[in-house]
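Here the chain labels run A, B, C, D and E in written order, and each chain numbers its own residues starting at 1.
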Amino acid sequence: MINFLANPARFMSATAWVAPAFGVLAALLFVIGVRDGLFHSPAEQFQGETVRIMYVHVPAAWWSLGVYTFMAGASFVSLVWRHAMADLAARAAAPIGATFAAICLITGSIWGAPTWGTWWEWDGRLTSMLILFLTYLGYLALVAAVDDEEKASRLAAILCLAGFVNIPIVHFSVEWWSTLHQPASVLRPGGSSIDASMRAPLFTMAGAYFSLFVALAIAHMRASVHRRRVEAARLRAAGAGP
Amino acid sequence: MSPILSVHALGIRRGGRLLFEQLSFEAGPGDFIEVRGANGAGKTSLLRAIAGFLRPSAGAVEFSAAAAGLHFLGHQNGVKGAVSARAHVDYWVGLFGGAASDALERVGLQAQAELPARVLSQGQARRLALARLLSAPRPLWLLDEPAAGLDANGRDLLAGLIDAHRREGGVVVAALHESIGSAPTQTLNLGAA
Amino acid sequence: MKAIIATFWRDVALLWSGGGGALAPLGYFIGAVVLAPLAMGPDRTLLAAAGPPLAWVAAALAVLASLEKLFQADLEDGSLDQMLLSDTPLEALVFAKGAALWLVVGLPLAFAAGPAAIALQAPLERVPVIIVSLLLGLAAFIGAGLVGAAVAAGVKRGGVLIALLVLPFFAPPIIFGASVAAGQDIDAALALLAGCALFGCVLGPFAAAAALRLQAE
Amino acid sequence: MKAIIATFWRDVALLWSGGGGALAPLGYFIGAVVLAPLAMGPDRTLLAAAGPPLAWVAAALAVLASLEKLFQADLEDGSLDQMLLSDTPLEALVFAKGAALWLVVGLPLAFAAGPAAIALQAPLERVPVIIVSLLLGLAAFIGAGLVGAAVAAGVKRGGVLIALLVLPFFAPPIIFGASVAAGQDIDAALALLAGCALFGCVLGPFAAAAALRLQAE
Amino acid sequence: MSPILSVHALGIRRGGRLLFEQLSFEAGPGDFIEVRGANGAGKTSLLRAIAGFLRPSAGAVEFSAAAAGLHFLGHQNGVKGAVSARAHVDYWVGLFGGAASDALERVGLQAQAELPARVLSQGQARRLALARLLSAPRPLWLLDEPAAGLDANGRDLLAGLIDAHRREGGVVVAALHESIGSAPTQTLNLGAA
């Protein structure tokens, strides 16, 4: 699979339909998820209506971790096998992951104000999440700063792998430190403890975020391949003369 | 013809050591002064003193009132890796008050105009620095080993630029290890005294 | 005037392309603001008291970090020689470089201070005046920073030296800025900050240009 | 082995001569420690609580300031090419450079922290353990810093970028270090600091060397 | 005689543009390969690929098992301004595992040995870089415009060093714009194909 897609030409022909298809899927799931989450699911017994932020916050949190993990995997492939498409994949994922992390931080703050009585607290979960966001920013800044694209990708891959230590810290922070943030209730060993009426829309929204990620990442990668082709043509044209 | 540049009894001292003293010469329109000397003789120091960067320990450098401004091409190209060749020329045009120019074409960099200077090869970067001389007309050119890194075609091009500048009444003072195509009106030998 | 404008835009482009654009000083600022509470622990009242001033220290350090190469690169690659040969006085070109730094680094920093101040427990309604105060303070920092950067341009690992030279001059804006952030004497402090900024912007380029002339030797 | 020693001493000499020797990072450290109380005002109890952690932030920033040129200069002047041609693996040479940085910048910083901590109202008897914790913490900072410096070596105005890249990695040592400074869980925090230092010193040179190989292209 | 260096069907691509391809040559003891080409033809890129800094897009570079190590002299001198000339040589001796050496004397820098490299003139700094080749014996020398900035005496000295190296069974691959004193065994013309 990886080997197959490593060739830009094959990647282009294989993915022509993927971005629009996942875009449509994402739109569908968002409609269903928002409808179920905002209107059909029950308010929570302690938090009341504010619990509905959950359907935005939790998938964003999950996928900000998931996207980083994906980037780390792509970075590994890129460093070990020098696959150009793995570079593109990691680079395409980064801004999306950063956005998810930002959404998680913002919605978490908004949610925290009524439930915890504060916008922000320097506890383990919140801090490690902020650090993840900063790592995303660092990755993006590095990619933007190094002007040779291939070199930028490889360097950023090294950074990405080094930053991966933070991912388990974010996930387990609620167990390692006593925090305000609640411990895992869905993604935990021994199964989910959340009520089914909330679980369904939550998973729908998670699916919507994922589809959106796939659609945007593939579209970004395809755009990069196109841009490279144009640039290569321009450089070939510059070949004449000293 | 009144001289554009006159140097009187110049002496330069670097790190306590006297490089040369009592150096005098004049240059009027069309003159090409060649500065020769072994490594470390003080060619670069002389040019930098004429440009006003370095304070000489004795003597004086004078310019005729009519002539305004000079161009200096040093060992360093004065080129920024992140900026394209074209943007360099635009900047120099602004800095030196020139007009829109075909400088890049004249030094043979039209194909590299949009590339960031970082990817230019040694000789291409030198050509870009030469383009600076063309970005605004200035009567006096101070060139420090201008041919460094240039290929045969580049050297011809350089000689052509110098000849054209002399024809227009300009003055060129160049530190060289080897003759370039243009015939000098005077050769200064540093360290030979 | 053409030379000033050309220098300004060139520096904006250079600052933007090198080092990740406006993102990088911003990230540095955010990073420094994050480190402080990490070090101080989650004590809310302590943070509220120590935090807003810390935003100022962080802004000062962010400017410091971008000062190092301001003139050093020009000196090494020969661009400084060219600036000296322009008909426009070096003072004006240095001013243009400072203005570019303010635009590319200062402006985003000041606006990032809003969220940062909130994270450090500042009251919401004070955010606009904190931003204004930072805009002025950053101009003062840059004015002073120009001098340090010019003096240390010839030194290889000059960054630390610049910091040493410039930090004393950063003290007054920090004091007034912190008092704005803490909500004390806001009007008087803002006036004093504006004074610092004016002083820095006028005197900075002159002192810096004088130092640069020496560097070219 | 000869190559490692030669690299170590050369870097010690370079760090010492460039930028005012060990004095400059020290000055930066002291400057930052002085700015903080200026910004916070003269409140004694506030200082006592916020001060020692701030010494850590200042130390982190002082290391940051000396990271920028660590590899960038080598890349620009062609020295990196020579390091690649040595028979000794680049990882070992990078380690030697890190060790030199620790000796010239880290050691004086850690010992300067003593007086600084006292000035920031830390109890006298805690000074030795603060120094030890800084020695470990600075090793961890440098280990992480090597990676950031190597990855950003090709970038022109890299200082700010490096800061952004490594600040997240500075967070754990700062957290544990601050807890030592505040006198909480000293033994556990010291052990964790030692862990961070070991981690940084072992993995840092490998990641940095990988990045440097790419930079040479 | 078995070759010390063999290059098979090498191709190099920079920034998406192919500089050259299918370049093959071999060099055995005493050989001197001259690399020629216009500015931007890819001379520097070829030398960096042989040194292993740059990954070629096609082909391979092989060294004979017996020969170990190479010296690379690029456009950049690899010299630190703050360090004295003598300290540079000592460092290189350590880095490349050589023995105590008279390298500085051989390149004519004995008078400047204790000066920081920062104050050396362009040509003096180039001589210091040449001293690196002498700090430890290595069979393969890759020289990128080694004569840049050297005066006439410096060029003779360079030719002498190359001849001596060849006599001892070494190989020299040098990118040049102009011939230097030593007669090449082969000349590669880049970009001429």
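The rule is short, and it goes like this: a contact is a pair of C-beta atoms (placed from the backbone, for glycine too) under 8 Å apart; a residue touches a chain by one contact, two chains touch by 3 or more.
The structure displayed is predicted, hence computed values, not measured ones.
> Tell me which chain's centre, taken as the mean of its C-alpha atoms, is farthest from subunit B.
Using the mean of the C-alpha atoms as each chain's centre, the farthest one from subunit B is A.
> Relative to subunit E, which chain's C-alpha centre is the most remote?
Of all chains, A has its centre farthest from that of subunit E.
> For this structure, which two chains share the highest number of contact pairs?
C-D
> What angle of turn lays subunit B on top of subunit E when you fit their CA atoms, given in steps of 5 degrees?
180
> Would you mind pulling out the distance in Å between where the CA atoms of subunit A average out and where those of subunit E do?
One centre to the other, that is 48 Å.
> Starting from the mean Cα coordinates of subunit A and subunit D, work out the distance between those two points in Å.
About 32 Å, centre to centre.
> With chain centres defined as C-alpha means, what is the inter-centre distance between subunit C and subunit E in Å?
44
> When you check subunit D against every other chain, which residues touch at least two of them?
Those would be 14, 17-18, 73, 155-156, 158, 161, 164, 167-168, 171, 217.
> Using the touch rule from the top of the page, what residues of subunit E touch 2 or more other chains?
As it turns out, subunit E has residues touching two or more other chains at 15, 38-40, 75, 80, 82.
> Two or more other chains touching the same residue: where does that happen in subunit A?
In subunit A, the residues touching two or more other chains are 127, 131, 134, 137-138, 141-142, 145, 147-148, 238-239, 242.
> So in the complex, which bits of subunit B are touching subunit A?
Contacts found on subunit B: 82, 108-112, 114-116, 118, 123-124, 127, 151, 153-154.
> Subunit C touches which residues of subunit A in the complex?
Where subunit A meets subunit C, its residues are 118-123, 127, 130-131, 134, 137-138, 140-142, 144-145, 147.
> Of all residues in subunit C, which touch subunit B in the complex?
For subunit C paired with subunit B, touching residues are 2-3, 5-7, 10, 13-14, 17-18, 73, 76-79, 81-88, 216-217.
> Where on subunit D does subunit C make contact in their complex?
14-15, 17-20, 23-25, 27-28, 31-32, 34-36, 38-41, 43, 46, 49-50, 53-54, 56-57, 60-62, 64-66, 68-69, 73, 155-161, 163-164, 167-168, 170-171, 174-175, 177-179, 181-182
> Which positions of subunit E touch subunit B when the two form their complex?
So the residues of subunit E touching subunit B come out as 14-15, 37-40, 44, 75, 112, 115, 119-124, 126-127, 145, 148-154, 177.
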